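Two complexes come next, and they have one chain in common, chain A, joined by chain B in the first and chain C in the second.
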Partner chain A sequence: MITQVENPVLEVHDLTVSYGRNPVLWNIDFTLPKGSLAGIIGPNGAGKSSLIKAIMGLLEINNGFIKIFDQGLNEVRKKISYVPQRESVDWDFPASALDIVQMGTYHKLGLFKRPGKAEKALALDCLKKVGMEKYRDRQISELSGGQQQRVFIARALAQQAEIYFMDEPFAGVDISTENMIVDLLKAMTAEGKTVIVVHHDIHSAPKYFDWIIMLNMYLVASGPTEKVLTEELLEKTFGGKLSLLSDAAQLIKQKGFNPLKS
Partner chain B sequence: MEDFVYFFSFQDPNVAMVVAGITLLSISAAMVGTFTFLDKKALLGDAISHAVLPGVCLAFMFAGSKNPYWIVLGAFITGAVSTYAIEWISRSTKLKEDTVIAAVLSVFFGIGILLFTQLQQTGDAALSGLDHFLFGNAISIVYEDLMVYGILALLVIVCLLVFYKEFKLIIFNPGYAQSVGLPVKRLKLLFNTLLVMAVVTGIQAIGVVLMAALLITPPAAARFWSDRLKIILLLAVIFAVLSGIAGAYISFAVPHMPTGPWVVMAISFIAFASFFFAGKKGILSKWYNQRNYQQKIHRDHLLKSLYQVRERNAAPLGKADILELFPGKEKETKRFISKLKKEGQIEEKSNHLLLTPTGLVEAKRVVRLHRLWELYLAQYLNLAPDHVHDMAEKMEHLLTPELEAKLDASLDYPTQDPHHSKIPRDHDL
Partner chain C sequence: MTFDPNAFLIILTGTLIAISCGLLGSFLILRNMAMIGDAISHAVLPGIVLAFFFSGQREGIAIIIGAGLLGILATIIIDYLSTKVKLQNDASIGVTFTWLFAIGIILITVFAGQIDLDQDCVLYGEIAYIPLDLIVTENNTILGPRVLWIAVINVILVLLYVGFMYKELKLTSFDKQFAQTIGFSTGFINLSLMGMVSYTTVSSFEAVGAILVLALLVVPPATAYILTKKLKPMLLLTILIGFLTSLVGYYLAYFIDGSIAGAMASVSGLFLLAAILYVTIQKRSIGKGIIMPAELKR
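Then we have the complex of A and B:
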């Protein structure tokens, strides 16, 4: 059940991705319409985060290509924003909440320039949007998990992008933060921005997303929520891995090199 | 003392030159070290500072004398090769990085010592001063050395200032840095080059192996004092410069004394002092706060026992009775009794200790917190009344007025605890 669209903002074409020597995604092929709030769902090890990382150019692509706004990644970087998993960084790093949000303005500054007044004002505005203005000078390790996630979202907002990729923004956050983020994302897509979110909770998925991408090492489904959230597709997604794909992955791992590498 | 004045008046141009050199190299080492430390790559600095030795020896063999250009080139090459080897081996094998660093470090240092011994046995007079590269000798720096090492250090400092925000982002969140289009790989290569250069600048003044201490110890000490990267950088630089100059002075004052070990002593002293005395992160303030808390517990217990006597309408307690309540703590108890008297919380009337009105309010507060917590555990955590006392005994000293208000509200302002004792309020008699 894969719904393809005309004039997509994101086109993933026949994508195969390995993590080291371990193939994690096989022949992923889908398109996404502008303004959608899309959820990527699937079991542990389904390749949800890997898909986002591959789109962001952080993982090596073995096969296929990705187009955003019908262009390559490097042509459209300024229109893209990425929110990594909260656990992927060391929160003991000596920085304040405001410092982190200002990082969202770095790419527009270019080399040699420091963030100035305009960048600071933008960062403060973004902190306000996630309800964190009170914590601007707080050392980031002293923030709760939900507050750290809000800071990450604010940094993404400061990039003023058109398309947002978020890796598990709801993992380990309190319910009020989760609701706040969902409202914010809905407001963003209403303005015509596109948001793609890795999500682990199947129960809240239909409430949050208008588009669902179901992964289980391969693409099980991609389409409007009401069309793809069926018993049959959920069973395919969460009912265990395709054993042949796992066997093939095992075979490749034992090779000592990656035969898929082009 | 005469030496001290002579040295620090900088009237001797040689001394001024040595101080300028050691200041520059300390700044560059501490700055590179701060980023390395935050990137958790401290061991890499150690490996490089071992791996420059074979390069120094090869340069000696090649040039036949102590020529700073050749030495810098040799040290840089073997340092860079070791860095690249560590990265390549960790990437292409399953070995963990710490294993690879330890192995590469020993191989390079082993070869270095071999060459070093070989050179010493030739007994060539032109080779005197080679041992300065092992433990450092700041005083042996001449004008030509200063030019080479100083310019290298300046280059490192300028590069770090120019790419400050990029390095900060790459260390905090490399995946994100790449996603916004920073050339992460090239910047990492540049950073590793700066790291090797910072080590190379220190080989003559500090010595090959000990240079690692000047990289990592200053930021480790500075981290205790601040949570701001800029301040950590500044403090690390100050600590490094102070210890660098201290080491140079000792080499100057005591003939044939190497600089490196004294720099390490000085910077380690600063690090230990930071560990003990730094603001709220220092161990001393942790001990102090813990001791204060223990004292507060004792004081709360004293007030509570006086309140309980009053509540039971029992005969008031004398000083001796109270001392008996806290066996083994007579001295402390006596001190607290007189302290509470001074504070106007208790008074002594006809050999009995009684709570004053202010003391009563405070005692009630402790008892109230205890009983509220008991009730909270019973109601919300479904614990039996005989399971709640011990935790409440601990929480009564800890709860803040804000939490008390919250507790009261969620229990709907109760009047009795699970043991049917009254929860005392300020307005009761």
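Then we have the complex of A and C:
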């Protein structure tokens, strides 16, 4: 069940990626329409993070190609934003929340140039959008996990990109932060930005995303949520772990349940 | 105490070297690469020997270039072993520098009959001799101690490097993946830092010796790291601690009549200890002073 679209913002063509001799992604081939809020779901080790790392040029590609806005990665870097997993960095780094958010403006500054007043104002504005303006001068190790994630999202906002890739932004954050981030992402896609999120919780997936990419080393499905979130495809993606899925399946079966509106 | 020009020269040179080492070392410890300074300082030996063999000079630009190239080569080998061969990072460092150092020792013994070079002059500097080794021009003008000039050039280049590359060094130290995605050449930035570390260690060896260089690369930045919460104050504090290390170290050596480099390295360790004590005591006193907010009481 793979829905291809005309004039995609993202086109992944026949992508194969491996770590040494172990393949992690096989022949991934999909397209994504502009303005979608897409969730990549799949079991652990399905290659969800690897997929967006490969798209961002952080992993070597064995085969295939990726086009963003019909161009190669290097031509469109300024339009792309990447939010790594929160645990991928050392939060004891001597920097304040505002310092980190300002890093989102670096790509437009060029070599040797330092951020000035305009960049600082933009960074403060982005901190405000994630409700963190009070913590602008707080050292990042003194923030909670959810607050650190908000700082990462604010840094991505400061990039003023057109397409956002986020690796597990909801991992280890409390429900209020999760809701805040989801609202923010929905507002962004309403403005025509495209957001792709690696997500581990299939129960909340139908509520959050209007497009779902199901992955288990190969591409199981890619399409509008209401079309692909079926029991059959979930089983195919998650294999034998059916007990885990029954809740979600039940939810989908419920009459009148519209994943996009609840 | 009267003004002693020799003491002034030694403390000034020590301070300049402490600033060069400390600024670069700050970024090394933030990258979890503190031991790379140790590795590079050993790995440059074959470069020094070969440069000496070809140029015939024991000091000067050839030695610095030879050492710099070997430092960068060591970095590339370490990077290859840890990322491509998937050896642990510390194991990669341990393998690389002992191997290159051993090659350097072989080269010294092979060329021993032909060249005047021994481990002592490479590994152990003597800061006390600084005022004696002067640059004298042809018309007998004394330009001051040679080692001081080397340290001045070094500190200017390090300040320029950190000043221009501040944003790049900061981002790649905190979040390398993100830096890569916005198009920063993380490989080049890393190699440039390692090149500067190689140059600085070799440039400083002769003046203050290997142990003090290694201490100044790690200990003042580590002390500043404990005491500060932001990068710029950390760098400024590193500079201040470097100066105090040089000053207090010199007078400690003067009063106990011991090695100046050894005293400076010991003093930097004592500063670190003092910083740890200060932070620990401060944490305790904060814990005692906390009163539970009324709204949390039942």
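Keep in mind that, in the parts below, the second predicted complex is superposed on the first by the 237 of 262 C-alpha atoms of A that agree within 3 Å, B and C clash if a C-alpha of one lies under 4 Å from a C-alpha of the other, contacts with A are read in each partner's own complex, and residues count from 1 in each chain.
Criterion: a contact is a pair of C-beta atoms (placed from the backbone, for glycine too) under 8 Å apart; a residue touches a chain by one contact, two chains touch by 3 or more.
Computed from a predicted model, the values in this text were never measured in an experiment.
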Practice item. Identify whether chain B and chain C fit side by side or clash on chain A in the overlaid structures. Key: clash
Review point. When the two structures are overlaid on chain A, which partner does A:Phe65 contact: first (chain B), second (chain C), both, or neither?
Key: neither
**Study point:** Contacts of A:His107 with chain B and chain C, given as first, second, both or neither
**Key:** both
**Study point:** Location of chain B clashes with chain C - one stretch out of 309-317, 399-407 or 417-425
**Key:** 399-407
Point to revise | Contacts on chain A seen with chain B and repeated with chain C across the two complexes | key: 53, 56-58, 74, 77, 80, 82, 84, 88-90, 93-96, 99-100, 103, 106-107, 109, 111-112, 114-115, 139, 159
Point to revise | Partner chain B, residues of chain A touching it in the complex | key: 53, 56-58, 74, 77-78, 80-82, 84, 88-90, 93-96, 99-100, 103, 106-107, 109, 111-112, 114-115, 139, 141, 159
Check your understanding: Across the complex, what residues on chain C touch chain A?
Key -> 30, 32, 164-168, 170-171, 173-175, 177-178, 180-184, 225, 228-231, 233-234
Study note, to complete from the structure: chain A residues touching chain C in their complex are 53, 56-58, 74, 77, 80, 82, 84, 88-90, 93-96, 99-100, 103, 106-107, 109, 111-115, 139, 155, 159
Review point. In the complex of these two chains, what residues of chain B are touching chain A?
Key: 38, 40, 162-166, 168-169, 171-173, 175-176, 178-182, 223, 226-229, 232
